[in-house]
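In the two assemblies presented below, chain A is common to both, partnered first by chain B and then by chain C.
Right after this comes the complex of A and B.
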C-alpha cells in the first residue's frame, strides 16, 4: 500500500471534519443567498415559482422610490446611532464598575446580565403590560412622583424612546466579554502607572480603554449589524401577534420588509429590500474595519 | 485611608442602585403574575394568586407547545455543539488548501443578516416538503453555527502544540486527538456553547413562525401569537396570566444560566473573543 503523505492526510482530515458545516453552508446559506438575489429581480409573489419572469431593476427602483422604505431606513439609522453607542457605554461602564475588587461581584454580574437573556417576548410583555401601560402604568407613576407625565409611552412622541429604554435594559449582555477583556490588561501597566501617580481617570483613558478597543470594536460591529436588523421588538410592542404593524416611530426597515413579504405577499420586492440592507451592512462593516486602524489598538501591531 | 473607604461606599451605593434598576422590571413581572385578574399594573404585592400559573398552563395548549420547544432543542442543541466543535478544531489546528478562504466564509456568515436568506430557505424546504416538520432544525444542527465555530477555533488555537505532538508520536489519529485530548480540556467552552445555543433556540420566535404551523409551534412563538383570554367569551387578555406564562417560559433560561454561569464566564475569558 502506498504511504499517504502527512500533509495530504491532514487535508483529508480537515475536509472530513468541516464537511457537515460546509455542506449545510453551501446548500442552506450560500445557495439561498444567491437564489434570493435572483428572486429580487423577478416578479415572485408567493405562488408563481414555476412561472417567474425577470423584471430587471424594477424592484430596486421601487425600494428607492418607496417613501415608507426610505423613511424606515432613516429611522433605523437613527435608532442604530443612538442604540449602539448607548448600549456600548452601558455595558462597558457596568464592566468597569465590576472590575473593582468588591464583595458580591458574581451576584452583581448576574443581576446585570440576566435581562439580556430574557426571551424577547417576555421582555416586551413586561415592559408593555406593566411599565409602559397608560392606565396606571408603573413608569407614569414613577415620573408622577417628580410631577411629570402621564406620558403615552407607546404613542407617536415616545415610542422610539421607549424602544431604546427597553433595549438599554438588556444592554448588560456585553459585560461578560468586556470583563474578559479587562482581565487581559496586564497588572504591571497599572503598577507602573501607580508609581507615576496616575489618577483613575488617567489610567482609564491611557491604559484600560486603549487596550480594550479590540473588544469594543467587535461588540460595536455586532451591535450595528444587530440593530439594523431589529424588527422583533417593535412588532411585539405593537400588538399581540407577529403580523401587527407598529406605528411610524418604531416602524423600522426590516419591519417594513417583513410586512411586505408576510402581509402583502410582495416576496420579490421584500427580497430587494433585504438585499439593499445587506449591501448597506457590508459597506458599513467595511468602513468600520477600515477606520478601525485609527482607533483600535493591536498589541502585535495589527494582524 | 478615609478617602478610600468613602469611594468604596460610593461604589457599592452605585452598584446597589443599578441592581435595583435592572431587577425592578423582573420584580414587577413576578408580583403582577400573582395579582388578581384584570387588575391594573401594581408595584407592590397585593395578592398571591398562585393559581395564575395553573391557568397559564390551562387556558392555552401550554404543555404541547412546551413539548414542541423541547423537541426542537433536543434535535438542534447537541448537534450544533458537536458540529461547531469539529469545524472549530479543524480551522484552528489543521492546514489544508482552501482552509483560509473557507474560514473567511465562516466569518462572513457571522456578518450576514439571517433574514436575507430566510425566504429562499423557506422555498427550499417547501420544495423538499419539509415545511411543518422539525427536519430544518436537524439540518441547521448538522451545519453548526458560524459564531460558535469561531469561538471554538479561538479556544483551540490556545492549546499548546506539544500536547498534540505527544499524542501524534503515540500514533493517535487526528480524530482521536480531537476526541481524547482537545474535547476534554475544552469542557468550559462546550458548556458555554451548549447553554448559549439552547438560549438562542428556546427564545427563537421567528424561525418556528415561518417554518411550522400552529400545532407545532414552540412556546416562545405560541406566546407571541396566542393570547390568554378568560374561559367563556370575554375577549380581553388577562395580563396577569400572560405574565405568569412568560415567566414559565423564562424559567429554563434562568435555571440553565445559573447552572452554567461559572463555565460561561470561564468560556468567554478563555476564548478571548476580539476583533
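Right after this comes the complex of A and C.
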C-alpha cells in the first residue's frame, strides 16, 4: 500500500476540518452570489425561470438611469457619513466611561448593551409608537419643556434625523469590542505616563486611542458595511409590513432593491442593484484599508 | 491530490445543493412552517399565522401543501378531512408576501395557496401561476356554482376582464370592505345625528361629516372623525380603486397595456383625501399620530371607520368592544358624487391551485372541501366574513340588535356587490408601493397634483411595459 506523504496527510486533515464550513459557504454564500450575478444579466421576473433571456448590461444601465436608485444611493452615503462616525464616537466614549473601576459598572454595561441585542422590530416599534408619535410622544414632551415643538419626527424634515437618532441609541453594540480592546492596553504604559505626570487627556490621546486604533478600524469597517446595507429600520418606521414604503428621506438603497424585487418582481434588476452596491462596498473597504496604514497602529509593525 | 480532494468537496457541495432544491415528496417528513408575520391586507385582522408541524406522511399518501394557517383552518378540521380522505396528507406552511414571491420564483410554491382574490387572480392568471378550475367547478358535487354569490366571480378572469372566463379559485369569505362602521358614543360626544343606514353617503359627504366629528382640546385632538383599520387616513390605492368603480372609470386601456392616472377622477380623489389629511380627520403621516384606527374607534376616539362586514366579528371578539355592541353599527358603502352605488369587495381572501402542482386531483379534493364543505358553515357562523354561498347567508350571527342591524345593512349591500374593482394584471403588486411613492410627497406638499398624477402614470407604464415584454417575449 502506498504511503501517504505527510504533506498530503496534512492537506487531507485541513480540508476535512474546514469541510463543514466550506460546504455551507459554497452552497449558501458562493452559489447564490454567482447565481444572482448571472440572473442580473437576464430578464428574470420571478415566474419565468424556464424562459429566461439574456439582456446584457441593460439592468446595470438601468441602475444608473434610475432616479430613485441614484437618489437612494446618495441618501445612503449621507446616512453612512453621519451614522458611522457618530456611532463610533458614542460607542467609544461609553466604553471609556465603562472602563473606569466604578461601583455598578456591570449594570451600566448591561444597560448600554441591551439595545444592540433587542430585535430591530421591537426597537423600531418602540421608537415609532412611543417616542416619535405625534399624539403625546415622549420626544415631543421633552422638547416641549423647552418651549419647542411639536415636531413631526417621521415627516420629511426630521425622518433622517430620527433614523440616525434611533441608530445611535443602538450604538452600544460596539462597546464590548472596545472594552476588550481597552483591556489589552498594558497597565505599565499608564503607570509610566503617571510617573511622567501625564494628564488624563494626554494618556487618552497618546496611549489609549493609538493602541485602540485596530479595534476602531474594525468597528468603522463593519459600521460602513452595515450602514450601507441598512433596510429594516426604515421599512419598519414606515409601516408594519415588509413591503411598506418609507418616505423619501429614509428611502435607502437596499430598501429600493427590496422594493424592486418583492413589490415589483423585478428580480433581475434587483440583483443588478445589489451587485452595484457590492462593488461600491468593496471599493470603499479597499479605500479604508489603504488609509489604515496612515492611522492604524499595529504593535507588530503591521506585518 | 489536493485537486482531487477539492473536486470531491465540490461534488459533495453540489449534492447538498441538489438536495436543497428537492420538493417534498411522498413519504418524506416535511417540516411545515416557518414562523412569519402574516401579510396584512384589509381583511386579515384577527387571524395570525402560527407554526404548524405535520406528522410524517404514510407511504401511499399524497402530500398537499397549503398556505391556509391555523387561524383560518384548524388542525382539528384538517384531521377530519384526512380521516375522510386517507390518501391525502395536508401540510400547512406559513407564507408572507416576500416568501410567496420567493416560492413562486423557485417554482416551489404550495399546491393550494391563499390569495387576495381581487388583486392576485388577474396577476396570477396572467403569469400562468393559477390553475384553470373550470372543469372541476362545473362538475363538482360539493360546490353548487348557481348558489355562489355574484361576488365570487371575482375569481374568474378571461385575460382582460374580471368576472368573465374560467374559474381560478374561490373566496373563503368576503366583505363589503369599503363600507363604514360608526361609533354612536363619538357621534353623541359631537352632538351629531347618525347618518342613514339605508342610503349611502358620497365620499365628499363622509369627509365633511368627519370634519364635524373631530373634537379638540387646545391643540390636542381627542376625537377623530374617520379612521382606517390598519392604515392612516390618507389617499390609498385600495380606496382609489373603489372610487373608480363608483365613478365608472378605468385607468387602464382596453388591452391593459397602459394606464393613465392624469384623468380628472384621480384628481378628484387625491384632492378629496388630501383635504381629509389636512383637516386632520384621522391619524395620518402629517399629524404623525401612530395610533391604529381600530384602537381609536373601539376606544371611543374615532367616530367612523372604513371597513366591511368582517369588522363585526372584530367587535364581537374584542373584549372592550363586545361589552358595548349597542354603540356600533354599519353604514352602506359610500359612493362618488354623481356616480353609481357599488359595494364591492376589496380583497375577497380565498385560494387557488398552483398551476405547477404535481397532484391536481388531490389538491382539488382539498380545495373543494375547504371552499364548499363543512368549513364553509363554520366560517359563516363565526361572523368573521360573508359566505360565498347565498344559501349560507342565514348562518351569520343574528343574536342581538348589533348583529341584526349589520345583517340588515349587509343584505342591502349585496344588491350592489356584483361590480368588480378594475385591476391591471400587469401592474400587479407594484401598484400600491408605486401609489405611495407619489402620494407621500403630495400630502407633505413636496409635489404638486400634476407631478403626482404624471409620476404615477410614468411609473405604472414603465412597470407594465416591462411585464408585457417578458410575457410576450
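Basically, the second predicted complex is superposed on the first by the 296 of 303 C-alpha atoms of A that agree within 3 Å, B and C clash if a C-alpha of one lies under 4 Å from a C-alpha of the other, contacts with A are read in each partner's own complex, and residues count from 1 in each chain.
One rule holds for everything that comes next: a contact is a pair of C-beta atoms (placed from the backbone, for glycine too) under 8 Å apart; a residue touches a chain by one contact, two chains touch by 3 or more.
All values derive from a computational prediction rather than experimental measurement.
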Clash or fit: chain B and chain C on chain A?
clash
Determine, under the contact definition given at the top, whether A:154 touches first (chain B), second (chain C), both, or neither.
second
First (chain B), second (chain C), both or neither: which does A:135 touch?
both
Does the superposition put A:48 against chain B (first), chain C (second), both, or neither?
second
Which partner does A:145 reach: the first (chain B), the second (chain C), both, or neither?
neither
After the superposition on A, what does A:294 contact: first (chain B), second (chain C), both or neither?
neither
Broader residue contact with chain A after superposition on the shared chain, chain B or chain C
B
Tell me which partner A:201 touches in the superposition: chain B (first), chain C (second), both or neither.
neither
According to the stated criteria, A:23 is in contact with first (chain B), second (chain C), both, or neither; which is it?
both
According to the stated criteria, A:236 is in contact with first (chain B), second (chain C), both, or neither; which is it?
first
Counting only touches as set out at the top, which of chain B and chain C does A:266 meet: first, second, both, neither?
second
Would you indicate which of the stretches 310-318, 400-408, 418-426 or 454-462 belonging to chain C has clashing C-alpha atoms with chain B?
310-318
Intersected contact list for chain A, partners chain B and chain C 11, 15, 22-23, 27, 31, 49, 129, 133, 135-137, 240-242, 261, 267
For the chain A and chain B complex, residues of the former touching the latter
7, 9-11, 13-15, 17-18, 20-25, 27-33, 35-36, 39, 49, 94, 97-98, 100, 102, 106, 108-115, 117-122, 125-127, 129-131, 133, 135-138, 141, 169, 172, 176-177, 179-181, 183-184, 214-215, 217-218, 221, 225, 228-229, 231-232, 236, 240-242, 254, 257-258, 261, 267, 270-271, 274-275, 277-278, 281-282, 285, 292, 296
Taking the complex as given, what residues does chain B use to touch chain A?
11-12, 14-15, 18-19, 22-23, 25-26, 28-29, 32, 40-41, 43, 83-84, 86-87, 89-91, 94-97, 99, 102, 105-106, 109, 111-121, 123-124, 139-140, 142-144, 149, 174-175, 178, 199, 202-203, 205-206, 209, 220, 223-225, 227, 237, 239, 242-243, 246-247, 249-250, 253-254, 257-258, 261, 264-265, 268-269, 272-275
Would you mind writing out the residues of chain A in touch with chain C in their complex?
8, 11-12, 15, 19, 22-23, 26-27, 31, 43-51, 53, 68, 128-129, 132-137, 152-156, 240-243, 245, 247-248, 259, 261-267
Show which residues of chain C lie in contact with chain A when the two form their complex.
1-2, 5-6, 9-10, 12-13, 16-17, 20, 37, 39-40, 96-98, 101, 104-107, 127-129, 220-221, 230, 283, 285-291, 428-430, 432-433, 436-437, 440-441, 444, 446, 463, 466-467, 469-470, 473
